[in-house]
Amino acid sequence: MTDGVKKFLYVNRKAPYGTIYALESLEVVLIGAAFDLDVSLAFLDDGVFQLVKSQDTKEIGVKNFSPTFRALGDYEVTKLYVEKESLAERGLTAEDLQEITYEDEDDDYAEKPSLIFVSRAEMADVMGDQDVVLSF
Amino acid sequence: MKFGILISEGPYTHQASDTAFHFVSAALAAGHEVPRVFFYHDGVNVGTRLSIPPQDERNIQQQWTTLAAEHKIDLVICIAAAQRRGLLDQNEADRQGKDASNIAEGFRISGLGQLIEMGIETDRLMTFGD
Amino acid sequence: MATLHTVNKSPFATQALLSCLGHAKAGDTVLMIEDGVYGGASGTGLAEAVAGLGGAVTLAVLEPDMKARGIAASRLMDGVKTVDYAGFVELAASHDRTQAWL
Amino acid sequence: MTDGVKKFLYVNRKAPYGTIYALESLEVVLIGAAFDLDVSLAFLDDGVFQLVKSQDTKEIGVKNFSPTFRALGDYEVTKLYVEKESLAERGLTAEDLQEITYEDEDDDYAEKPSLIFVSRAEMADVMGDQDVVLSF
Amino acid sequence: MKFGILISEGPYTHQASDTAFHFVSAALAAGHEVPRVFFYHDGVNVGTRLSIPPQDERNIQQQWTTLAAEHKIDLVICIAAAQRRGLLDQNEADRQGKDASNIAEGFRISGLGQLIEMGIETDRLMTFGD
Amino acid sequence: MATLHTVNKSPFATQALLSCLGHAKAGDTVLMIEDGVYGGASGTGLAEAVAGLGGAVTLAVLEPDMKARGIAASRLMDGVKTVDYAGFVELAASHDRTQAWL
């Protein structure tokens, strides 16, 4: 815990829509953005499905919350770790995911990618470097 | 053809009650009959009139109440499962000394025998759960 | 006397699809719904197992759930059918019984 | 459907106590016993854990419902199919399970075993021979 | 040491709220502090006063109400999750035009900020869910 | 800076235990609770995978959940520790953080 700011990691391991966990996790992230925290999100196992692009929920009558991920940059939530092994196991590549970016105010508001693709071992390092891990 | 429907999970948390709703709507549209939907396990929570979903989300309880009224569907909540989870009609509240009830219009509370009866009297039994 | 099996869980998360396929009989249909639709995708670490076990049965996915999850029809394994809710009802009516693999 | 009596199969695939499905499934079986049905129970996958003997739930504060299985014979519920492959995968043998019997009134009330150990293929045949399959 | 507790599943259906209860009891017995338990997702259903479990089963809501009173634990139910699922206090019922409330003694309804705050102000955050 | 991981699902039903073990680091503890306790048993089709992945970590099971499910202590894999609820609290206190694999 550097300078009193706690490191929070939100872990997403579940697919969207079959259960509400992905949506309600995102609600926590948005509320948490109002606090002084060092925030990261982890997407692994079926959690990577949350980031897939072209989601269209019209026919199941459930709200499509995937656009909200693209708004996270405005809340200064800019570190979304995505596990490569989880993608590969599911036949997905980075191209199958939404493009999610943020404007870096320390770099003349340059647009930078929020998705950070990591190996399983690197994901384990991210997890092991937190003060609080919230799992949904 | 007659379909009986068993819903085993609560609203919003699991997609089960949504899928069941779309299935029942499609079955009715195709001319089939759905005489009864039975709510068991956390499925009983679909029948609360106290839920207030966000305005941009569907209201699952109201969807069922409306569909049931239009098509005379018997919406039955299992009494044993409901008592554990805090779903009550006014009768049950009075009998148990509880100061409030929360069951929604169009739903009724009854025993598990209604599930067995549904299995006997319909041509197909569909289960939607977790 | 065929059965319509429904599977609503991701095969990457639970064993439901593999268990279902291990018990389905020739002539049965396995319909993947909700998070189960991921089981119909090609190019995954499970596609071979699903295709192998599913050889004697008809595999189908519920299209509204596929679209919700951003799975394009072109991603489905060869031979996997898609149905909408009306098609789901037809499958239930045309099989002798339904078994949900929860 | 022979002579109007429907064949009901209750399928148990989940472990006890972590979730309530096993207990609430048993409640359906007991109520169903009052109806004129041809009843079978199937135990496969983690459902075989429901039948393990020596369950002691005192320390978790949850009711131990496993003795109820031994009472099923009194309700004329006498066909409990147990899948051998599911047992083997979990390191279990028939000796790890409760002894469950019934008195056969057509055979001078001889005590007979209710557990019927079947292969996966035989379980598939049992499932394919029903009018109604209820899954918990 | 201060423990914060997050409960994500409802009573009876999942063991989560039971395990959390035993964990909290053991933590308090060992001299630790548990300032707050936060109920999210279906966990909000733990806080209904309308449940009537069978007499030979534990009453999960009452266990929490009693433990909280003894040890001054803040039992917080997430308002957004509670609204979807039909958990209300009288204030919220009045505000939303609902004719009944169902929250139990010792529980209060508040925002998700209370979960974040709990994570910040405790030494360890424990999650019990499905 | 070690982590206490908790797993509450049967490893025969879901991937939670294997995913947890794949992410746990040397010095961490993986505590199996609720239906997760089945993961500590020897002689199962998964025991080898669990022991292999769990090599660098401490494996533990919650004894009250073990007893509830009729698992005798003699059934546990070599090296798996048992704790009661007080021991669970001690593990949570003695590790730097806790991560639940739901």
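Labels A, B, C, D, E and F are assigned to the chains in the order they are written; within every chain, residues are numbered from 1.
In the analysis below, a residue touches a chain if its C-beta (ideal position, glycine included) is under 8 Å from a C-beta of that chain, and two chains touch if they have at least 3 such contacts.
Quantities reported herein were computed from a predicted structural model and do not represent experimental measurements.
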Labels of chains that are neighbours to chain C and to chain F: A, D
Homomeric contact chain B-chain E: same or different residue positions, threshold half: same
B-C compared against C-D, more contacting pairs: B-C
Far-end chain from chain F, centres as C-alpha averages: B
Distance between the centres, which are taken as Cα means, of chain F and chain B, whole angstrom: 38
Euclidean distance of C-alpha centroids - chain B vs chain D, Å: 27
For chain B paired with chain E, centre-to-centre distance based on mean C-alpha positions, whole Å: 26
Residue list for chain C, restricted to those that touch at least two other chains: 8, 12-13, 15, 34-35, 64-65, 84-85, 97-98, 100, 102
Where chain E touches two or more other chains at once, by residue number: 8, 12-13, 15, 19, 22, 41, 57, 80, 125, 127, 129-130
For chain A, residues that touch 2 or more chains besides their own: 14, 17-20, 45, 60, 62, 132-133, 135-136
Touching chain combinations (by label order): A-B, A-C, A-E, A-F, B-C, B-D, B-E, C-D, C-F, D-E, D-F, E-F
Chain E - residues contacting chain B, complex: 10-13, 41-42, 45, 48-54, 57, 61, 80, 83-88, 93, 96, 98, 100-102
Footprint of chain D on chain F - complex, ascending: 8-10, 12-13, 34-36, 38, 41-45, 47, 63-65, 67-72, 75, 84-85
Interfacial residue positions of chain D with respect to chain F in the complex: 14-19, 45-46, 49, 52-60, 62, 64, 66, 88-91, 96
Residues of chain A defined as touching chain E within the complex: 6, 8, 20-21, 24, 27-28, 31-32, 34-35, 37, 132-136
Touching residues on chain B, where the partner in the complex is chain C: 1, 3, 8, 15-16, 19, 22-23, 25-27, 29-30, 32, 124-130
